[in-house]
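Take a look at this one; I'll ask things after.
In this document, chain identifiers A, B, C and D correspond to the written order of the chains, with residue numbering beginning at 1 in each.
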Amino acid sequence: MPDRAVAVAPPSHLPGVAPELLADLVDANRILFRHDVVDAFGHISVRHPLRPDHFLLSRNLAPGLVTAADIQEFGPDSEPVRADAPPVYLERFLHGEIYRRRPDVMSVVHSHAASVIPFGIVHERPLRAVFHMAGFLGTKVPVFEIRQCSGCATDLLIRSREQGAALAADLGSHSVVLMRGHGCTIVAPDIRLAVFRSIYTKANAELQATALALGQPVYLTQQEADAAARNIGGQIARPWGLWQREAWS
Amino acid sequence: MPDRAVAVAPPSHLPGVAPELLADLVDANRILFRHDVVDAFGHISVRHPLRPDHFLLSRNLAPGLVTAADIQEFGPDSEPVRADAPPVYLERFLHGEIYRRRPDVMSVVHSHAASVIPFGIVHERPLRAVFHMAGFLGTKVPVFEIRQCSGCATDLLIRSREQGAALAADLGSHSVVLMRGHGCTIVAPDIRLAVFRSIYTKANAELQATALALGQPVYLTQQEADAAARNIGGQIARPWGLWQREAWS
Amino acid sequence: MPDRAVAVAPPSHLPGVAPELLADLVDANRILFRHDVVDAFGHISVRHPLRPDHFLLSRNLAPGLVTAADIQEFGPDSEPVRADAPPVYLERFLHGEIYRRRPDVMSVVHSHAASVIPFGIVHERPLRAVFHMAGFLGTKVPVFEIRQCSGCATDLLIRSREQGAALAADLGSHSVVLMRGHGCTIVAPDIRLAVFRSIYTKANAELQATALALGQPVYLTQQEADAAARNIGGQIARPWGLWQREAWS
Amino acid sequence: MPDRAVAVAPPSHLPGVAPELLADLVDANRILFRHDVVDAFGHISVRHPLRPDHFLLSRNLAPGLVTAADIQEFGPDSEPVRADAPPVYLERFLHGEIYRRRPDVMSVVHSHAASVIPFGIVHERPLRAVFHMAGFLGTKVPVFEIRQCSGCATDLLIRSREQGAALAADLGSHSVVLMRGHGCTIVAPDIRLAVFRSIYTKANAELQATALALGQPVYLTQQEADAAARNIGGQIARPWGLWQREAWS
């Protein structure tokens, strides 16, 4: 891998996008990989700062290898705006359709984080906040079942605008939606908080599985979850500084 | 990160504090991070060696990045003594109130160690010593429920002297108190033993969860726990030497 | 370890074998080790590109240390073709007999991956696909019980052509066969896909065990599994590029 | 840490001991640490090659830091033979008493390996071989309960020849004995096999715990275990070469 200075250098094909935003998006890709939120699969996007119906997302590449030069601009149809764009992720539609439905969302993460997937497979155990770091999960995380929109013979991927819209509908006003037999999608008002939520969704799932094996957990109330989610956002600089260092060392 | 020699260099704003104590506190921050006791959150303090109603604690910073220059002095109200102090941890009050109530305590660790949290969430499974390295846990670790002092709508953080005092009361004469939906706080007669207890509280929780999945554990008796806790202290130099090397390599 | 350029340099004893194929086989050994699919034991082979009843496999060596110079050619009897061949793996027969029975198979992995073994030991819990990355597992992975062909006093190893043939028979047309009290064997139409399937068999087993502890999983239907298996193959370049980099860094 | 060449250089205080044996003992300390069999605690000894009622064991030091200069010679009373010996491990008696009782044993490992301890705590779940790599465990691993020889108020450590002899009696003719609330002790006919058995006892415990969570495991028969244990010994060069490289890299 190139070092960070090279990796975050703004490419000429994204004029007008603040270098700091691109750097955050590149850092985010590395951090998510370093924290095992994504492996060779999974992706993170940010809403375009100038054209709010567009978004920025890497070309088809493992997140751990993404540099600013790999970032592409996508239009409202989740297709790349450049005619000569390189191959892109199959599941880009989930980003576009969430940005369309949720004006408050500025960043979207899609991952196959291992601790989270079981909660999308076992219906009787909803994922929910068991500790203050994951208050944003609230008292019940919705699960998207692709069979409801596309039947029982799909490859489980979000391959069209219609499937993306169905996922966005199940996400509703939540921060996280699980995808049965597949993974999860996480949204936030900025890139750093999207990374934060991805890391602590994973942590919460691990804690909740362990707690359920011990007995009956005391979950956060909706008010506790809301208060914790509201207040933790102000602390984002602390983990981000650490995560960025770790990701490039 | 700077190397250790730079990181432990005593800053001018802490005159009269022995460089060895500061070095131990900086090492402790790194060791706790290296052992996954803390992530970007969590903190460790030491009672001030000259003013016993004061304590030393890093500014608001991830423990893995703390150097001696980041250490601040706090007064009996858990506020920094310097007028121009940098931003500090929200939960500093738990340190101050424990030092007030427990004259025997010289060091306090607050963490969100993953294996420990489930035991604070599931009431029917108290954390207790299952092996000799964690004799200091005794036969039952108390759990602090913030709802009892502050109701069901908090963000679960210790944000005031009152909440800190309630936590200290639940700690009582124990070495560890769990905090429901949040983490734990661990105390000891010196920094190194506070780190030791933090690492082995985490280890004991992992063992106990695995043992409970297998069947009915044979726990340490109170006498066994006391004997083990008493004798292990004399061995602290052995792990400390290893942990310090690992933390800076 | 030598660096990659040295490790993949084609040896003189394998004339006519494409350097790219040897490089993939060396990379595969390192990647499987890096991902904890194999430890000092386990092996990966490829069908010989010119003599389809022959195959290429390392001499008796830990996979993490294999270079192109260690690769040997084996004949239809699973014995090395060179008279002066170095010591070879005891279990080479499983490779030869699978290549004989399954003309579609071009690469075979044998491993003791930790998460997979329990599913070969506990008969009431068949391993099967719980997420789209492991669609190739289908709705039931067969288990080979060596007692059926060789009695209750073996060392569980595949030490003969007969045992290899019995394993190949149980594999049938599947991609994976578990071996009770031993490990598993995984086949694919090329080296990279064999590595992919090995990594995601391990991942699926971890997810399935966690899901089963939570409750009743929703498994992939046969159609979902088939669709996922069919489509994921086209994405192999993405993980391979990452895995190769990681394996040599 | 010094590099390997320095670490294994034979010290003047052990004349007549083959440098290869000392190098194996130093390597073994590092390997056990690298594989999380030991942390700062635990130790490995070898019977003295010239005086069979003596043994070689490090001074009181974390295994990950041990060099040949740290190795001490101990007599039949498990006390160091040099009058000016540095501080030694409290539990040296378990080594001496096992060497006395078991002439076939040439090396002894004592560890607190995390996956193993739960099987010593929960009586209804004996540790036993679930896969061929751990055939040496047989069909039931004995558990030493210190309360039977020393009552319910000990610190669980083996602090005397009497306690060591009681442990050796419970070990009997087995390869492994668990120690309730403490750890385990593992014996073998040479250093490398002692390390091998330590690593695969840990692996077997992990597999068995996972399998028990899934359902009823099929265990190895005594004959399978014996055959596997007998045959695997001949393969020790393969893992040792890898482990040694890893331990010093």
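FYI, a contact is a pair of C-beta atoms (placed from the backbone, for glycine too) under 8 Å apart; a residue touches a chain by one contact, two chains touch by 3 or more.
Nothing here was measured: the structure is a model prediction, and the numbers come from that model.
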Q) Through how few touching steps can chain A be joined to chain D? A) 2
(Q) What rotation angle takes the CA atoms of chain C onto those of chain D? Round to the nearest 5 degrees. (A) 90
Q) Where chain A and chain C touch, do the two copies share over half of their residue numbers, giving same, or under half, giving different? A) different
**Q.** Separation of chain A from chain B, taking each centre as the mean of its C-alpha atoms, in whole Å
**A.** 33
Q | Rounded Å distance, chain B centre to chain C centre (Cα mean) | A | 46
(Q) Among all residues of chain C, which ones touch two or more of the remaining chains? (A) 213
Q: Sort the chain contact graph into one of these: line, ring, star, complete or other.
A: ring
Q) Where do chains touch, given as pairs? A) A-B, A-C, B-D, C-D
**Q.** Of all residues in chain B, those that touch chain A in their complex
**A.** 1, 39-41, 60-62, 64-65, 90, 112, 114-115, 117-119, 121-125, 152-157, 180-183, 209, 212-213
Q | In the complex with chain D, residue positions of chain B that touch it | A | 129-133, 135, 203, 206-207, 210-211, 213-221, 223-224, 227-228, 230-232, 235, 238-239, 241-243, 245
